[in-house]
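Both of the next two complexes hold chain A, though its partner changes from chain B to chain C.
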Partner chain A sequence: MAAQASFIGQKNKKGQVYSDPWHMMNEAPRTPSFFTGSEVIKEAVRRASCDMMVAYPITPQSEAAALCGELFAEGYIGDYFRGESEFAVMSQCAGAAFGGARVFTTTAGPGTMRAMENFPMWAGARLPIQMIVTCRGINSPLSIQPDTLEISYLMQTGMLVWHAETAQDFYDWILKGYMVSEEPDVHLPLALCCDGFFVTHTKDMVDLTPVDMCLPPYDPYRSPVPCMDMECPPVRMMRDPFVMKSNYISYATHASWQQEVWAAVERSRKHTIRWMDGLIETENTDADVIVVASGTAVSQSREAVAMLEEEGIRVGLVKVKTLRPWPGEEIREATKHAKHIIVPEFNVIGWLAREVSATVQNNERIHAGPHVCGGMTMPPEIIVAEIKTVLGIKAPSLAGRGG
Partner chain B sequence: MSKERIKIAEELFDIMPAEYQDLVKRATYGNEQRGWKDIGNAKELIEEHSLCAGCPESMAFRYILASLPNPEDTVMVGSTGCTSLVFPHVAVHNIHSLFGNQNAIASGLKRALTVRFPDRPKDVVVLAGDGATVDIGLDMTLQAWFRQEKFTTICFDNELYANTGGQESGLMQKGFVAKMAPVGKTFEKVRLPEIARESGCHYVVNCTVSKPNLIEKVIKNAVHIAREIGPTYLQLYTPCILEIGKNSMEGLQEMRDSEKPTERFAYKEYVSEPAKELLAELAAKEKERKAEAKKQLAGQTA
Partner chain C sequence: MTTSYKVMPGPEHFLPPSAASMGIRLPDPGQAHIHGTIVSEEEAMEQAARQFLSAKVPTIFPGPLVLWAWNDKAAKKAKAIRYLYETIKESVDSSQHAMLIPMPDYRPKYPKINPEIEINPNHPNLTIWHNKIDACMFVGVHCHQANLSLKIIRGGTNCYTIAMCAQAGHEDAMLSFRDATAEKILRLADWVKKLKGSVAPPA
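Entry: the complex of A and B
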């Protein structure tokens, strides 16, 4: 921290003061502001002391990526350009991160899939790039509508994966995300996901930190692996050196390095708990029925819980904030009294339900659904109907909806 | 990087590998006059290689690394292929990430180094095979040139996929029978040097690596022009002796045969107008330096 600490109190070229991140995020005064999710991304990046952003248009992240370009024009980002495809963009981000830059990018849906080869490489190379994923459909027929299927792929890459519910989450987590992912014992990329349109294109009240405060700059020499800038010995250093050496030592190195990447994901847990006040949030965990959800499914579930409460039915709620690291112990504890665990999701396969199934005892308690996909909305009524069905209460039929 | 930075702490000196001790004591970092003639006199930046015996790529690597004008501030980017077997032995920082994305990596890297070190030249040099440069990575190769990214792209053209066992590549000659071209390649060798010129490269050379002094010249030109003006491209014939049925000692002759005036690797060069001006400036400075050195030498002897 010494190098970063030495910046605190100094001003950047825009006159922002490099601030103690804990003070900036938790103690400094907040200003309520009415913004779209895309604008919130811009406001967070304005305060994030980013060296580089690489952009590419794809709905629904195009607006945020373009707004960050305005930040560059204003002088808040070191460099910014449009890449030629998501595969190239994620490689350009990697190059910048190898060279010691704090890097930011955004993508969505098919873009995430096109770039996929890069993500295990990012994690293996320990590049703390932050990538906003504004999830949308990836299946054919082509859809630009909200759908979270791509998150299930990101969860296997070795990246940190967080799933924001609201624009406020987004704002705070972008800034806190750098603090967690740049820790020397973590030093991993972060996929900060949200449900496209629902979060990016709607306006919400968001409490912003002061505009004249920003994060201290990234210090690449706190990295657990050498920065590729020829300032950092040893010079006989290839990132990664064991590629294609077919012998026992290389196999052992590959195996232990993969384990180390996942160990680093686990080590992020303590930092994440501190910054985010836990990996999950809970309500009414003593209820017989508990809804476990992430992203905007949490908001819809919260509505459903309130509607059922009016009818005298008490339901609990678990908001899963981080998918990697996976809050297994926390979910086991929060659902231990539940007779029924409801997992509503914005995708067809139900990846969250699978993760929860692999986590809790007696997983016949899990009801995977309702599922909506391909851009359908999830009215709280269908969550209510799912819960009533589980409890054996007659619910009005909701023609054409899942559940 | 200052050479001080790689000095080994005295207490730890004896436990460092001998070749690293040698690198600190006898390498040519910081020597502005470094070149191919240092080979055999100073510690080379390549220790050894795991290529086939007699592979022309190994010669190319030695000449290129001896010729980099600024190795202490140079980062190299490679790609998957035979070259990636050599890079772990190279004493400049180098990055291997994926197959074909080398010019995208280099774009991000060069820009990050420019943001972080605005007052010091940090050179970026890409070195990849023809499959990486022309086939799987062509999009990113060209787009980096369109954007005028300020780094050098070197393609080791062995006219096939060597590391995977000799499959057809875009730079293979028409008619050559290879794996995945079972009845012979049906289309012409891709004319990347011409495409490079049209795509905005300021310095393009197509040649073999048979002559170390020539390689020294084109490497220095390419790196200086990339640093000051914009993208540069070198396409160097490094035949895969294994896959074209030659013996270990026949690589050099193969290159000499292929660089005859009517052959496909006859020396070809393109220099843009701004690059010509820069090269003239550099030549004038070099002339001045030599005259000064001569004067000093005369003064000493007098």
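Entry: the complex of A and C
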């Protein structure tokens, strides 16, 4: 921290002032701006003092990679290039991070899946790379429309996984994400996810921090593993007995290594709570029915809660901001009075409902749904209908409206 | 998360859990922890000094961050560590044997290391067992490697572990300081001097 603090007040080559991150994010004046989610990514990266961005072009799912290329041309990113595939991109990101760079990348859908081998490697190597995931369908037949199935895979990698609801979340969390993930007791990659298209392609009002302020540079000397030590794990992974020997010590070391990665996810809790003002947001937690959601399902649920309020039905809402670390204790507390817990999701398997189900007591209270996927929207009316059905109130079928 | 888990000397388990996964949280600046409970730094100083003075083989494990003079702070810390070692050596009686054993790097070494002259994060228990070390302090070891070692030691030995960490501390140690400086290490040496003669040596 001392090394980073020594930069504060100095200017970078673009004339931006390296600023105290807490002041920049919480106290500095904000300017309301009307941007798409992709443009918001660009504006956050402009202020993030990134040394390196590598990307595989993912347009049309998100224009972020191309827009960040413009940032490089303008001189805001240290270096920028395109990989030959998503796998190559994520491997190159690792190389840059091993060398002590602050790295940014973005991907989506099948690209996330193609690069998947790299993500547990990033986490195991304690590389605080930030990856924006603008989620889209991953299965055949292909879809460029939003679907959050890929998040369920990312949740098992040892990465931090956050799920943004709005473009404002996205803007703030990109910058705050570096502050959390680069803490020496955390030092893990962050998958900052959003529901593609809904967030990336639509315009929204976003309050931006001053353009002449930026984060202090990354300090690789605070890393919990040696920076670019070619003789030791994690940089040197093969050929060493560590992975090639079959004996108890090798197994036990590897097991402890894995545990340490997940311990670091746990340690991120404290920093994340401080920067994000909690891992969840709640309203009406004394209601009999509580909706637990993440991403844009939160926005649709909020609408549903308002519609039901007009009918005199009081419903609570839990917005899950971080999936790793998982806010288990917070969700248990927020839902302790609920008779019914509704979990709407933009995917076919209901991974959030499974997580909640493994978290709360009396999980027969959980109603996994409604689910939409493959790019379908989730009208608030279907959440309303789900809640009414649970409460034994007759609800009209939305699908029958055109009949 | 409230927890009843305590970070205690082992042998704890075939594969003990990480303390973080059991709800142990790291101290904030100005604090330390003992067995996972947050305490003042001074309380931890006293407890660490008592552990050194009551151990049969009190040992310091300096790591790569303080073994090489890669900057002025590292050189200063190395001198402070040497001073702490000399202080412990002078403060214990003839039945006790203070040691200073480096962790020079993190490479897995096979068929095996020489446990009399070094400790390795991938099998630190070999050095602990061979030298019958019952209290040790890690200093200048990268945090990931330190946690790896501390957990393996807790799993398979009865050694009391102390971490003098330059970053956020280690919940896998039984006692941990954070934000270590040369001055902090010298303060610990002062505590050892202060308690000399007042702590019963091991039976």
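Criterion: the second predicted complex is superposed on the first by the 382 of 403 C-alpha atoms of A that agree within 3 Å, B and C clash if a C-alpha of one lies under 4 Å from a C-alpha of the other, contacts with A are read in each partner's own complex, and residues count from 1 in each chain.
The working rule: contacts are C-beta pairs under 8 Å (C-beta built on N, C-alpha and C of every residue); 3 or more make two chains touch, one makes a residue touch a chain.
Computed from a prediction, not measured in an experiment: that's the story for all the values here.
Engineer: Using the touch criterion from the header, give the chain among chain B and chain C with more contacted residues in chain A.
Structural biologist: Partner touching more chain A residues in the overlay: B.
Engineer: Quick check on the superposed pair: does A:379 touch chain B, chain C, both, or neither? Answer first, second, both or neither.
Structural biologist: Neither chain B nor chain C is touched by A:379.
Engineer: Given the touch rule stated above, what does A:79 touch, chain B (first), chain C (second), both, or neither?
Structural biologist: first
Engineer: Counting only touches as set out at the top, which of chain B and chain C does A:118 meet: first, second, both, neither?
Structural biologist: First partner only.
Engineer: Considering only touches as defined above, state whether A:329 meets chain B (first), chain C (second), both or neither.
Structural biologist: The answer is second: A:329 touches chain C but not chain B.
Engineer: Looking at A:52, would you say it contacts chain B, chain C, both, or neither? Reply first, second, both or neither.
Structural biologist: So A:52 only meets chain B here.
Engineer: What is the contact status of A:253 with respect to chain B (first) and chain C (second): first, second, both, or neither?
Structural biologist: Touch status of A:253: second partner only.
Engineer: Go through the superposed model and pick first if A:87 touches only chain B, second if only chain C, both, or neither.
Structural biologist: A:87 sits against chain B, while chain C stays out of touch.
Engineer: Quick one: is A:231 in contact with chain B, with chain C, with both, or with neither? Answer first, second, both or neither.
Structural biologist: both
Engineer: Which chain A residues lie in the overlap of the chain B contact set and the chain C contact set?
Structural biologist: Correct list for chain A: 226, 229, 231-233, 236, 240-242, 245.
Engineer: Can you list the residues on chain A that touch chain B in the complex?
Structural biologist: 51-52, 54, 78-79, 81, 83-85, 87-89, 91-101, 103, 117-118, 121, 125, 226, 228-245
Engineer: For chain B, which residues count as touching chain A in their complex?
Structural biologist: 1, 5-6, 20, 23, 47, 72-75, 77-78, 80, 84-85, 87-98, 101, 104-117, 122, 139-140, 143, 147, 163
Engineer: Spell out the residues on chain A that touch chain C in their complex, using ranges where they run on.
Structural biologist: Touching chain C from chain A are residues 126, 183-185, 187, 222-226, 229, 231-233, 236, 240-242, 245, 249-250, 252-253, 255-257, 259-260, 262-264, 266-267, 270, 329.
Engineer: Give every residue of chain C touching chain A within the complex, in rising order.
Structural biologist: 1, 15, 17-21, 25-26, 64, 105-110, 121-123, 142-145, 147-148, 151-152, 155, 167-169, 171-172
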